[in-house]
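Next come two complexes, and both contain subunit A; in the first it sits with subunit B, in the second with subunit C.
Showing the complex of A and B:
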């Protein structure tokens, strides 16, 4: 009887959810391949650890940048496509200040403020790094946050506020326009070239031996980890423990009721831009510090992954953005175990699509925690 | 319109307490608390007549035209609620009952007339301002923040104050013990009746002079409907005026001081609840015989 039950249950599973079966089999195949690779020595344990660490770092950047996107989505009910260029704006404003602080007296102020546009100053020559020039890094980080807050508020006032009662689609289209305007304004001022920004001597790192090789953790990895986790914890505390945070969750939950309860909704909107903007600008700055290069397309390219993370996590949820960011980052990084790195992004999106097939509302569905 | 006696005599604190206790006693004795209550109220306030004196009204709606966008729903509406009075609006679907409340609370498109509350002109003001005047509003649907805890919902009810008012909070918990038990529960996981109590509790956090209730019994199980009406009686007994829209017209008219019958965006009848219940035309057309 037991066997018959198991059989019929299995049959029902195959018929009801053939897709789950295919995905499950595919997953098993990947795992078998992975374990086989480890056993035969084709895949080094230390290399896997390095990929996991790298994926974690990418995930933190994506998650941090995703919080702002998710917040504005839940409060204002539209997907802000200009978010990627807020990331870039934060990065450029912050790095201009870092160049200025690190290179004052060694190059002219104009070239420093333009982050060495046209090859006038090279970041490598300035020896910028979290350990070499900590004050320049902190200064840049703070300015990246502040500048993006001002930018986000200004764009809200100019573009989004007059359209507050329009549909999410109209706002989305407007935000695409804002995205292009911002990106090419940045390209116009800072030029389109990709530049290295951190010290040429490389970033100091700690290496640990793991079974069959070394795993390195750099000073910039550590900086990113501390800042990202600190800010995420801060957002959690704000949302759960403060009156403003509760009001943000209330407004995300039910805007009409928030109004009749006496919550000043416009002030909550502004607070959302302030917090989301600061996180986004800082994410952009940290992204550039971590990867060591800066280009006008950085935020736009990152936005695809950010959107994938936010949608995967359940759009509108801050915790979903963080979790989604980590999943996307890890997938992006670990996929090279099986496929060429050129397809890493495709793998990240495939995971997003698969998750959505099984949980269409995202991982944190029905939990609009602002 | 003749003016004889104030329709809703505001009860003093001790009277109110006595009444609440009496209600509780009645329930313990297994008697019908609702009927007894209605009888007592009639005896206390004598023959009731509609009143149209803006000076004495807590809420005075005059010649109000309102709607949504270009669509006019209300035509020349007159409505009064005296201090501490319990007023019900009944009428067929689409008569504009809920729209009256939304208009008072600044949620519709204003088209003409005036709304005065406590002597202050609140015509066309937005809800964020109106709530400061001592008006509380419980919408019919989606009237709680489902992803917030019970305690957070109540705290949001007092958002406009610097701190959560301890006295009002304790009173809400005392009035609705189920909310006290479930302070940390996510509001969206509660039953319909509990949600309705939370919605009322949230609106009571600012200790409003007038509470607007939009169909508080909608969607509740029959045994909960009575309990809900009893709670509303208690809230009214402690001095809060009530303006309520109800589908459950007979019960609402039985319990209120005065009733308005709305038809096609106009108030067609106004009288004491009891008189409306006995009115031949009202009975035939709106109360199903």
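Showing the complex of A and C:
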């Protein structure tokens, strides 16, 4: 390719996609600023490492919750706005059980099952934590997954199944209704207050020295890492190596054709809700364990980030959801290097909007459910 | 419900050449095809009144107004009767009606604006709260007087209120343009996600302490951050009355009401007058959108909704039409936001959560997307039944059966059930009606979208063409003639 070609191609790019050019230049500017900041010591390496670690943790939660959303989005072809409230439902059901297991005999069962609604029991007083009360945590985790599976299947049966032949937009609107009903039912039963759930003494953590400061990794970070990575690997294996994964990919591609081939589409849909629901519920539980507080709005506030991750990675792609989650998590936490933390979420949304504008098919386009 | 959809749907004059946006989204929708076939059978009847087109439109308009008035009248009647039966005082009753009118007004207005986006153009905008916030905040920042500190907080530009309103509407339209330019090419569900993300970004900006106070070209301004703004400009109602030189007669009205409500009648009359003005604004919105919908511009919008590619192939620059429609709708949403919050005394970003957007969507879906009359009725029914209804019902129940103090938590209420005592649970339910009504809204939304996706107004949608395409010359009017698909077919992709 001659210089003239390169030049004319470059010119065409500038004329055709001026916005892309601006965004690209802005990205380069940020990188230069970042490297310069590290070199001059304006940005501490350890501070960046802490932010990266924090972003990774957020990304794991978002990615884990995103797998379920991505699967239902591709197989049932609608954006499930109730997904955030599945996350919350998982968190509340799991934490009710954790409270019960950790506080049995120390407070009345009703208050424990309501996760201390109305200030009747305080999580701090029960001393809940991955190291202090591992059995309660594992119990809660399992119940969070199971409950969300049952909930997702029940809602599918009641709401989405009668609407299978309708457009994605009708289903989307129905899911908004489900989201309202779920979220405020949770608020009705568990109150709207935000409560701390983990032990008051703080979470045990390991500190490592990195060049110019300390980076801390807590026990809950480690728990989240192990569980999220384990589940992601498990789902990946399940979808890669079993017939179910093939059937899902076939359905996402063309439902009628899948039906003709003899794939029991309704069973595949149920399997999707089971896998997606379990991951979503566990993600909600782990999210609360990791951040230490629980509120009825948690999942809804996370939902747009999960959507961002799913769209970023490409709808239907499991890798995409994980990678998208990590990118969104890192954007969310690293953006504070440049902008006030008030706008961290705005930055993550902006990344999503940019992806929708420039690459609406996502980063892992065309690789459905694998 | 006084708005029986069947009476309108069965009317032979009913112009259902354009199918409803929702119904047409469904692709191969059985009921849709049925509707079209019956309309074809009706053609023969319609030929008789061929030269009555203008007259027909006039009657249609009359009937729409009648339906709206009947619904709103029915709502007032229900509220008044129950209030009177339970012996509410006059003052309380007037307050109830004024608040109801206010809510009907704002929800109808916003549902009408949304109808332009979704019902006419097929743009799935779920960022309404963001446009409202931008409109209202701009208005407040422009109209707030320059402050000297103190309780009134941050200062504004101190311009007259009408300048603020114009600025607010203009900025909302501009934000619409900024969102529309890149986003309108996206699929409906992606547009939805972009708009809701935009509305959240707007809310974060107003929440943030960064712009609490800032200076532009020497003028001090501010959003007030999380604590919001005190709206310490002159009372909009008083200013308007002064402008119209009606302050004198209004004072007389207040005195007149004073004979019924002796103590301090002014706030009651003020609230009522403001609500009444809102209804005039609703009429203005309705007229504007009806005119827009019937104009050549509106016909292109409907064509875009039904089939964008086909419209493009007819030489219409669909992007430009969509941008204009989006901007107009956003301007109206900004105005709706201003009219809602300008008289409230204070403004916080918490008023503009995504919840608000979905309220308006529910109102539109109840009424039926694609119909202006349906939007107004949807707004009224939503405000009266779903938004205010549960709270009013709670007040009534508490008045008739004093249930005593409600337990603090669901657990206590539930535990009482073991002794077969349902009173605590009922008391708890009533006490938390404000939360529970959102559950009810969600369930109603699911029910409607499953069972009646076309809303209360059924297949009552406007004709897309300026001449009635159902009236064809005799020679071509046989069953075998392919029907001119004025509705762009039943598929939407």
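What we mean here is this: the second predicted complex is superposed on the first by the 352 of 370 C-alpha atoms of A that agree within 3 Å, B and C clash if a C-alpha of one lies under 4 Å from a C-alpha of the other, contacts with A are read in each partner's own complex, and residues count from 1 in each chain.
Assume a contact is a pair of C-beta atoms (placed from the backbone, for glycine too) under 8 Å apart; a residue touches a chain by one contact, two chains touch by 3 or more.
Since the structure is predicted, the reported quantities are computational estimates derived from the model, not experimental observations.
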* To do: Could you classify subunit B and subunit C on subunit A, in the superposed arrangement, as clash or fit?
  => fit
* Contacts of A:163 with subunit B and subunit C, given as first, second, both or neither -> second
* Figure out whether A:177 sits in contact with subunit B (first) or subunit C (second), or with both, or with neither. => second
* Asked: Of the two partner chains, subunit B (first) and subunit C (second), which one does A:350 touch, if any: first, second, both, or neither?
  -> second
* Would you sort A:78 into first (subunit B), second (subunit C), both or neither based on which partner it touches? => second
* For A:8, decide between first (touching subunit B), second (touching subunit C), both and neither. => neither
* Asked: Which partner does A:259 contact after superposing on A: first (subunit B), second (subunit C), both, neither?
  -> first
* Structure fact -> Across subunit A, the partner (subunit B or subunit C) reaching more residues is C
* With the C-alpha centre of subunit A at the apex, what angle separates the C-alpha centres of subunit B and subunit C, reported to the nearest 10°? -> 90
* If you stack the two complexes on chain A, which partner ends up touching A:342: first (subunit B), second (subunit C), both, or neither? -> second
* Asked: Which value in Å is the smallest Cα separation between subunit B and subunit C when the structures are fitted on chain A?
  -> 6
* Which subunit A residues qualify as touching subunit B in the complex? -> 243, 246-247, 249-250, 252-254, 256-265, 367-369
* Structure fact -> So, in the complex, the side of subunit C touching subunit A is made of residues 22, 25-28, 124, 182-183, 186-190, 192-194, 196-198, 200-201, 204-205, 207-210, 358, 361, 365, 408-412, 414-415, 432, 435-436, 438-439, 441-446, 449-450, 453, 492
* Asked: Hey, which residues of subunit B end up touching subunit A in the complex?
  -> 105, 107, 126-128, 131-132, 137, 139, 142-148, 152, 155-157, 159-160, 202, 206
* **Residue ranges of subunit A in contact with subunit C within the complex** => 19, 78-79, 110-111, 113-114, 117-118, 120, 159, 162-163, 165-170, 172-174, 176-185, 187-192, 304, 307-308, 311, 340, 342-343, 345-346, 349-350, 352-353, 356-357, 360
